[in-house]
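One chain, chain A, appears in both complexes that follow, with chain B as partner in the first and chain C in the second.
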Partner chain A sequence: MSRTPRTLRRGRPELYSDYAADQAIWNTPAKRWSTLVLLALALSLPWFLGRDLLGLATLVAVYAISGIGLNLVSGYAGQISLGHAVFMGIGAYTAALLGGSPQGDIRGFELDLLIWLPLAGLVPAFVGWLFAPIAARVRGLYLAILTLGLLFVGEHVFKEARWLTGGSGLGRKPADPVVLGFALYEERTILGTEVPAIGVFYLFALLLLVVLAVVARNVARTRQGRAFSAVRDRDIAAEVMGVPLLRTKRLAFTLSSFYAGIGGALLTIVFGFVTPERWNLLLSIDFLAVVLIGGAATISGPIIGAAFVVLMPRFIETFAGSLPGWFVSTAVGGGGLLNVFQLQRLLFGVMIVLFLVVEPRGLFGVWIRVRNYFKAWPFSY
Partner chain B sequence: MEVLLPSLARGLGIGSTYALLAVSFVVIYRATEVVNFAQPALMILGAYFTALFVITVGLPFPVGVLAAMVAMAAVGAITERIAMRPLVGQPVFSAAMVTVGAFIVLTIVANRLIGPDILTVGDPWGLDAVSIGGVQVFQVDIAKTVLSLGAIAAVGILLKRSRIGLAMRATSLDQETALAQGVNVGRMFSLAWALSAALAALAGMLIGTGAGGIEATTALVALKALPVIILGGIDSIQGAVIAGLVIGIAESLTRSYQPEYAPWLGANFDIIVPYLILIVSLMVRPYGLFGTPEVQRV
Partner chain C sequence: MSQTMTAASMTEEQGGEVLTLATRIRRFAEQDPYRVCMREKRFGIWQDITWADYWDKVELVAHGLYALGIRPGDRVGIHAENRPEWLYADVGITALRAITMGLYPTNPAPEVAYLLQDSGSRILVAEDQEQVDKALAVVDECPDLEWIVYLEPRGVRDYDHPKLIPFEDLLERGRVHRGSDPDLLARMAQDAEEDDVVTLIYTSGTTGPPKGAMLTNRNVSFGIDILVFSGGLFDPSASQDDVTLSYLPLCHVAERAATVWNNAGAGVTVHFAESIETVQANLKEVQPTLFFAVPRIWEKIAAGIQIKMYSASRIKKLNFGLWMKVAAFIGAQRVANDGNHTLLTRLLYAVGYPFLYRALRDRIGMRKVRAAGSGAAPIAPEILQFFFGIGVPIHEIYGMTENAAVATVNRRGRVKLGTVGEPQPGTELRIDETSGEILTRHPGVFVGYWNKPEQTAETLAADGWLHTGDVGEWVDGTHVRIVDRIKDIIITAGGKNISPSEIENHLKTSPFVKEAMVIGDRQAYLTVLIGIEMDTVADWAQRRQLPYTTYRDLTEKPEVLKLVQGVVANTNERFARVEQMRKFRMIPKELDHEDGELTATQKVKRSSLNDMFGHLITDMYGNRTEHAGGDLVDVHPSRDFVPSHEQED
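Our next item is the complex of A and B:
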């Protein structure tokens, strides 16, 4: 690590004498400590949260995995993709086919998680690798429209492949998360306390999130990651400097689809059931919101964004009761101006607009502002 | 022949509606260089207002349609003023994402207004057909073609011949120069959104005619204008018309012949035909048949 003598470093947390120390993921003691504390906090959740909230926490971890994937292609490499839901769907169905059990006409091979989980990432990654040369021909909004086309074609294929997906409106059961005979979705006694099934699965999803987030953070600071940013900022300039455009975009799409596939496979297990209609435009927009609200071109950003996107509807649901009845009705078919679901979607749309207008760096940017205020204190103005 | 000709007529009807929607995208794109993803919501709101004015208020059909177009023009201008104006000078991607946010908000408004029902717009054509040279053609297809192409022609004349049209074209060419020549650029943005929303309202009414009716989810039909603007060229009205007709006819022919000749493609394959054309056209000619190729500088 740093070769600066300890005596010099004391009281100067940002004194770096070599490039590696400056570029390290945890380059300040504060980052090291806060990451450890947050991780410990996240690990302890299954022991004191209820089943219901643990489900939400699992959803946050899964959304974060997929969100990091979308951030690699859209945030770092600047290729706006509305097709993220399709890659999630491919991952989910790969997992369901290999790890699920057959029901009637629907196929399933009941394989181990060690087989289906890697393939749930690799198969979408391969499709992303195939799709990238087409996507690399167009830029910006044209790419957004192209991926929108991919989304509709994908939805049609999912609806028609009944042996795989169960067909439109019917759906199928997801894969069984079993590692070498050890079920990950089963109530267990850990450290002398009963942990509900979803809690065990939460720990697994959290482990995957940590591993995948560290990998993504490392990719972002390699030569390839810097090539991503160069392509985003100005693709022609990047090409002139010797960054191969097709190879860079292809890597971005492949990696992003891998994350999407893993996220999709885990998502179906959290929901317990999956219909082909789930992988639609709204899901893709959800993930764009995860990236934009969290903070584009960061790794912590999508994790914060995922927490925001998953928890905000619950937050509104909880506090809708204390809003005036003419505004929000909590009863089904009530007479208020809006129902809870409509209020959730409405605030969601407003949030996307507000963040883009007021703080384009997202919640991560808000945190940076707060941090800089206190760093510069008492000279912060 | 007894399948082909009615199928072509239906294709012309639906295709000219797509062309109308595409022109409503093109008008906003030419003014602000933003693809407006809120257009589906504007369309569905337009259909709602038509139903409101014609069925609930009881205005005569043509008056009701015009009133709905005026109401939507106001909604469009207000949306531009609130959501889009603060983003002038920001990256195009931010502006496009803001239109996605506006889409979500306006869709909720439309859902709240329409509810779970299926609305009819009270059109006078219904399911009546006329016989042209021995071929049965639905009146509603003729009405769609005539009204859409008429409205597009009106927009074309407005842009080409009038003072306001000149100012709008100047704005789309170069905002700063237009400003220096005394054009109120902000007002041109509002006007483009108002015009586009009015066209979307008309298209929404046309989608709701005949046997269709309007549900809250019909909004997604408007996204089929995206393949049209890509095929025709994103800044070309002429391209939008031709591509709209091509895509409408391709979709209609697929609907007639695919279940018989290629059943393995699955049910409702015609819905995704426009998107397949979109993908192929982006691969072969990214700037469309009549679009201006983008000049890039580092």
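Our next item is the complex of A and C:
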């Protein structure tokens, strides 16, 4: 038992007298305050943005959830996975089956969100758990190919299981986000202002993101989280130190799939409709981009990355009009060198290349650089 | 005035008890048992130690030592780096009315033997395998030594020696003994007297073997009253809200005052640095409010700032350059104003604070420093001005072991650079008219050297005046300027008296110079031996893409010789013609305590340098150029040590 007067603590941010403070996520006042301000800003968006931009904001939150999931397995544990889209798909269809309404041949049980949302995470997690022992046998390039195989199997199953997915090219409606009779996708008056349906859902997605991000951050700093990093940095060395490889990789895949499933379920609700073709390689690559551009092995990284990947196409679309017509055509059938969609994909690719070469730690790494510049002030190191 | 009143009341015997370090700690433990009073960094965390913990450990150590046979008046040695156990042992020994004898962690085995023999220590508290090995190597030469208590069992656990006992066992014996005789310390406290010798502080001994100065309870209480309660060390006086970092050797009187006395007197929270190498990092974490350092540390901090700036980015360099110019102005203004801010400098400082000063002070761990001190050796005025400029006012203090570190201090707002300040309250100070020696008299003056009545008689006059051995002079009738140690003063062949330390200190303001020894006694002109600062010169050489291998190789590079020549020339400009150095030679190795070139307090032992590097000196005065060095025009490498790549051309 000891008492430390305030005068002995104030203004000494680096003096830690217990491990809890030393290891805290928000270990400095600056981090605490900036997080609170950012959160308040994010919470206030439904009262400022229009329907269209709120849709994008929701997409950012959903992409971030899935991105964090992929980061757990690929960023922290270093197990490259191209199969992320499949786990998202499994989550999406679990949700649609349990929470959606039946349409002809397509099954639906119209259950409550409190049932389908957890299961939308748990079912993919179980599949991930089953899949992990196979994935744990290989690494690097082989693992990438192996997960690619999983992707093809998944795509085939999704296309054929008409009772579940509506079949190739047709698709089905997603689950209804209703909690104990309270619809989350419905226009509401909050704090005296009309908030559009997507705004309400945005708040829900944001809440989920915050909870899941904090959980992931905490996982990352547990013994298991450190085991992830150990496996990533050198699996043989990790095993020699007593880190069980199979169990660690399995946990990484399971956790990652859980996040993917939740993300997939929410994604379908944002889109309002879902076809089996959506869960393809391109989507997986989108999420690899979220992780790489945002910053591998961080939690803030995928959130920044999600914002970047979701908002950049819109940004290009908005400013394509100011580019010369011979270069980019905004109208369909225009005579430019590229159309807007091509420009988007092209820039996307260029971005990934640039980040890998220039700043492998992603946008978060850029921030770290800026922060360190001022942290080292007035010196350079 | 009120401060001296409280100080006076603190010395009075309260409740029939003499106020010892032990009773002070016990009172804190009774008044505020759960308040943090010390922190020690272990396993990456600053572990809290409360007053109750502190006193409990003191009791256990005292009872344990008693159980091992220590009785009032016995000597107990402590051979450890700064750590809480040092204080537990020190205060525990005091509680038993025994005598603490501190050893420097750098003391080599022969010196350990001398100190143990001379003091007749019955028990030695040794920190770890390193110190235990030293003690075991000489244990047969020390017949009085009965036990060696070790703090760190690592490496020592397997030793099979009948005199070894782990610290844990000592505490356990203490626990058992406390159960059987719980009133022991209360009885001891009742019996304690003002004239009890509480500690032997061995003086560093630049000449001859170290002498153990005996300080009594009265001396220590006076030291605490003046240094702690009357702003003698830090002004305004230290309080419970203050934080310090303990890193200088505790067996030195200055650090004893800064750590043990500040803590026991005012309840200052002490943080123990992990080691001398981590002081910079620890400072940044702890951000002390009070900081005492020796000139060498201040020089190192100032040089560290310069070195880090060399490799900073362009914008940061510009920012630094601009605001350091302003700081130089502020420093000069404050120096001209007795250390006070003027309206203009205050304003300039406020503007520069967010741009540079705040961050800079934060990085060097001085952001919260409200009072800083420098002592134990003379410091160059340029260094003080530099720190005044960036907002860390350093007040030079003068004192010595023999007067419980109480003599003079530069008071806040009455600073005169180049002086050691005004006499402390309650201190009589005079300067002998014929010899110029400074004499002090006050209740803190020691009672004599342990077992050395002759040396005591030389130093301590019968009427209570202490001969400090320093030559001084009055400045403006109020402040005292130290000229030099009497025995160091150089008398040239021309009959001129020259104080070498002033010249040496100016040389050492260069970040590239670590050691300088000016020579010229009974010679026609002055010369100097220079030792470079490895870190900074290595960095300098790297930036010039100058390849080198060892310290000696670097030292003897023509480019480095040119660099040193520049420093010497620069210093010469500041001094009169007879005080200018004509030649210099490089010291080919880093000076070291173990090799007998430095004292435990890192002071150069002139006599041993004269012996070891006599060939360099004859090289200069014999007008030869066999060894690396130069004069004011040319430089030349060593003849016997020509780097291979230069032989080719």
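The rule is simple: the second predicted complex is superposed on the first by the 371 of 381 C-alpha atoms of A that agree within 3 Å, B and C clash if a C-alpha of one lies under 4 Å from a C-alpha of the other, contacts with A are read in each partner's own complex, and residues count from 1 in each chain.
Assume a contact is a pair of C-beta atoms (placed from the backbone, for glycine too) under 8 Å apart; a residue touches a chain by one contact, two chains touch by 3 or more.
The structure presented is a predicted model; accordingly, all values stated were derived computationally and were not measured.
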{"item": "Partner chain(s) touched by A:Lys159 [first = chain B, second = chain C, both, neither]", "value": "first"}
{"item": "Which superposed partner A:Gly349 touches (first chain B, second chain C, both, neither)", "value": "first"}
{"item": "Partner chain(s) touched by A:Trp377 [first = chain B, second = chain C, both, neither]", "value": "second"}
{"item": "First, second, both or neither for A:Arg234, with chain B first and chain C second", "value": "first"}
{"item": "Dominant toucher of chain A (residue count), chain B or chain C", "value": "B"}
{"item": "Touching partner for A:Leu292 - first (chain B), second (chain C), both, neither", "value": "first"}
{"item": "Chain B versus chain C as contact partner of A:Arg223, first or second or both or neither", "value": "neither"}
{"item": "Partner chain(s) touched by A:Ile145 [first = chain B, second = chain C, both, neither]", "value": "first"}
{"item": "Doubly contacted chain A residues - partners chain C and chain B", "value": "none"}
{"item": "Partner chain A, residues of chain B touching it in the complex", "value": "35, 83, 86-87, 90, 92-94, 96-98, 100-105, 107-108, 111-112, 220, 223, 226-227, 230, 265-269, 271-272, 275-276, 278-279, 282-283, 286, 296-298"}
{"item": "In the complex with chain C, residue positions of chain A that touch it", "value": "1-5, 7-8, 11-12, 14-19, 22, 377-381"}
{"item": "Interfacial residue positions of chain C with respect to chain A in the complex", "value": "32, 34-36, 39, 44-50, 53, 240-241, 243, 269, 284-287, 308-309, 311-313, 316, 319-320, 356, 359-360, 363, 367-368"}
{"item": "Interface residues, chain A side, partner chain B - complex", "value": "80, 134, 137-138, 140-142, 144-146, 148-150, 152-153, 156, 159-160, 234, 236-237, 240, 281, 285, 288, 292, 337-338, 342, 345-346, 348-353, 356-357, 360"}
